[in-house]
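In the two assemblies presented below, chain A is common to both, partnered first by chain B and then by chain C.
After this line comes the complex of A and B, so read on.
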């Protein structure tokens, strides 16, 4: 079968979102084929999480289209969107676990709510997903009893509970130690390479990004300034991209003011 | 989430729930009924009993001046069933349970738990709002009945000790003065209060923004809004029961 007959798992066309006078996402377009991992990079406040929220239907764009698994979601009603959402999973930056439920109940929830499933089957799936993220035996604890890193791993297990076709991750390795970061990266890689899951990962951990990505995009002030494979991104001479990828304090990304600008800002009324 | 879509979705799941009870989440409903109703019982009981005592004392003060002290039982009975019972119960439940619902849902909103539900394809209205509103609607009349009984008991207690009224005489005057219509009008008020307070508390909770400060602010706003809505509804219903 030629590539032209395989539809993209995710396709975004001219996505635009404004808040008042500010354009947060400015005519973004990209696509992702099944089994690939897209890493979305950018500085703090560049719109990465806003983009992710649009991709899972939590926000509606002002212009543009988003297609998930061939279905255009921006004009869907809530019931239609919920059908699409049964095929995706999202790992929130903070985990977003339900504090009134145990770890096991958190992971079982999407399984039990999506259709009627025997509770013993759900228990088995919970054990399998906890094994996957290295938290076997933790099903009876409450989220308040977990560390930040553990919460994130439980969040990942919950996102994977219904074996989604597309996995969205918002900073999956933030707050994890280097070993656990490598474990999560390996897990995401295995899911995409061995099980054919498509992944969209928002991160500014460059080590993780280059480890897992098959496609990368860099956002800056709401626009895509670089797009391509990890090798293409490394070779890209764009100075903003290079400053971000190399983690340099000085450069075209204006994080530090010049002496004159600093004095001007201090003396402004 | 806007108010009208919230009501619409609540109605949708209520109708669907009659065909497939699984959608109603009976365990969550019973848990909420315990939290909203059973645990509020001591506060409601105490408040209504004190109101019964106050009604007798305030009523006796006026009635004895016109030589109609015997009518104090009639006053307590009719007021308690038609007005004081449902009103005081609603005020206690608003202060205790509505604020708790708004704070809980607001905290879930700011920690992205509501978003997590939506991304899983679970409607937060079905999962969170329905059990709470249903519990509030069911338990408010139940609490009102118990509150009214204790209000009458409080009135009997103070009548006996302070006014020297024979408790049997108090009871017989009560039975003569109070009609079934008085009881039903109070319970219908309670039912409607329960629904309005529940839906408003959930509405404010689902629209919290701004972190912990937002949760605190909206919890206060929720209590004020529920009180205003309850008092306005009480006014309308009292007029309706009066004229019809």
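After this line comes the complex of A and C, so read on.
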């Protein structure tokens, strides 16, 4: 089958969001085919997490369209969105676990909520998902008994609990050691390559980004300044992109206000 | 998902057509319970027309496997597409179940 006849897993057209007079997302357009992994890069505060929240229908854009698995979501009501959400998995930056529930109960929750699956089946699914993220045997612990990295992995297990067709991850490897980072990267690659899942990953970690991505986007001040395959991104001469990818302190990315702006703000009444 | 059962050379063949997912796996569980209640001696599950299996489907098969082990029931899986087989391997289940490339190999092996 040619690519033109396959429906994109995710398609974004002219997505724009403003907060007051600040444009956080500025006419963003991109699409992602099933089985691909899109890595969204950009400095802190560039709009990455805001973009992710729009993609899963947690925020409404001022302009533009978002289609998930062929369905335009920006005009959907909450019950229509919930139907779409059964096909997606979401890993929040913090893991976002329920502290009063055990690890196993956290992971089982989306399975038991969205189906008539028996709890004994859900328990077996929990065991398989914990194995995927390297936490076999941890189902009876509470989140408070886990490190930050473990909570992140439990969050990933929960995001995968219902076998989503699209997985959205906000900083999946932040706070993980290099070995566990590689485990999570391999897992994301396996899910996309072997099972055909589509992944959208926001990350600062350039090693991870180039390891897992089939497509990459660099956001800067709410705009896409570079877009392409990892090879195209490596070859892209854009100085802002190069500074970010190489992790250099000196370059065009403004880290501080100009001296004049700083003094003006400091001294204004 | 639809299913059908037939006997061939004293082997019970259970064929699954379509997607095994959160919606259909409770029905699969119900069907497999019939085999464990009957203590089916040799069950060959035919995946030739199975297009997808999710984790709840895998868990349902594990539950049957555990149950069959209590009465020494034999169980095999045949005709899995590469994608369906990957769903087993990604959670390291290749060593739990016995896989046959096609139905006739499964029948011949389980019969022996």
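To be clear about the criterion, the second predicted complex is superposed on the first by the 255 of 269 C-alpha atoms of A that agree within 3 Å, B and C clash if a C-alpha of one lies under 4 Å from a C-alpha of the other, contacts with A are read in each partner's own complex, and residues count from 1 in each chain.
Note that a contact is a pair of C-beta atoms (placed from the backbone, for glycine too) under 8 Å apart; a residue touches a chain by one contact, two chains touch by 3 or more.
Quick caveat: nothing in here was measured; it's all calculated off a predicted structure.
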item: Room on chain A for both chain B and chain C (clash or fit); value: fit
item: Contacts of A:128 with chain B and chain C, given as first, second, both or neither; value: second
item: Angular separation of chain B and chain C about chain A, which is computed from CA centres of the superposed model and rounded to the nearest 10 °; value: 90
item: First (chain B), second (chain C), both or neither touched by A:182; value: neither
item: Which superposed partner A:206 touches (first chain B, second chain C, both, neither); value: neither
item: Touched partner set for A:191, first chain B, second chain C, both or neither; value: second
item: First (chain B), second (chain C), both or neither touched by A:59; value: neither
item: Touching partner for A:92 - first (chain B), second (chain C), both, neither; value: first
item: First, second, both or neither for A:118, with chain B first and chain C second; value: second
item: Chain B versus chain C as contact partner of A:76, first or second or both or neither; value: neither
item: Nearest Cα pair across chain B and chain C, whole Å; value: 14
item: Chain C-contacting residues of chain A that also contact chain B; value: 114, 116
item: Chain B to chain A touching residues, read off their complex; value: 9, 22, 108, 111-113, 115-116, 118-123, 127
item: Footprint of chain B on chain A - complex, ascending; value: 53, 56-58, 78, 82-83, 85-86, 88-90, 92, 94, 96-99, 109-110, 113-114, 116
item: Complex contact set, residues of chain C against chain A; value: 21-23, 25-26, 29, 54-56, 58-60, 62-63, 83, 86-87, 89-92
item: Of chain A, residues touching chain C in the complex; value: 111, 114-118, 120-122, 124-125, 128-129, 131-132, 161-163, 190-191, 194-196
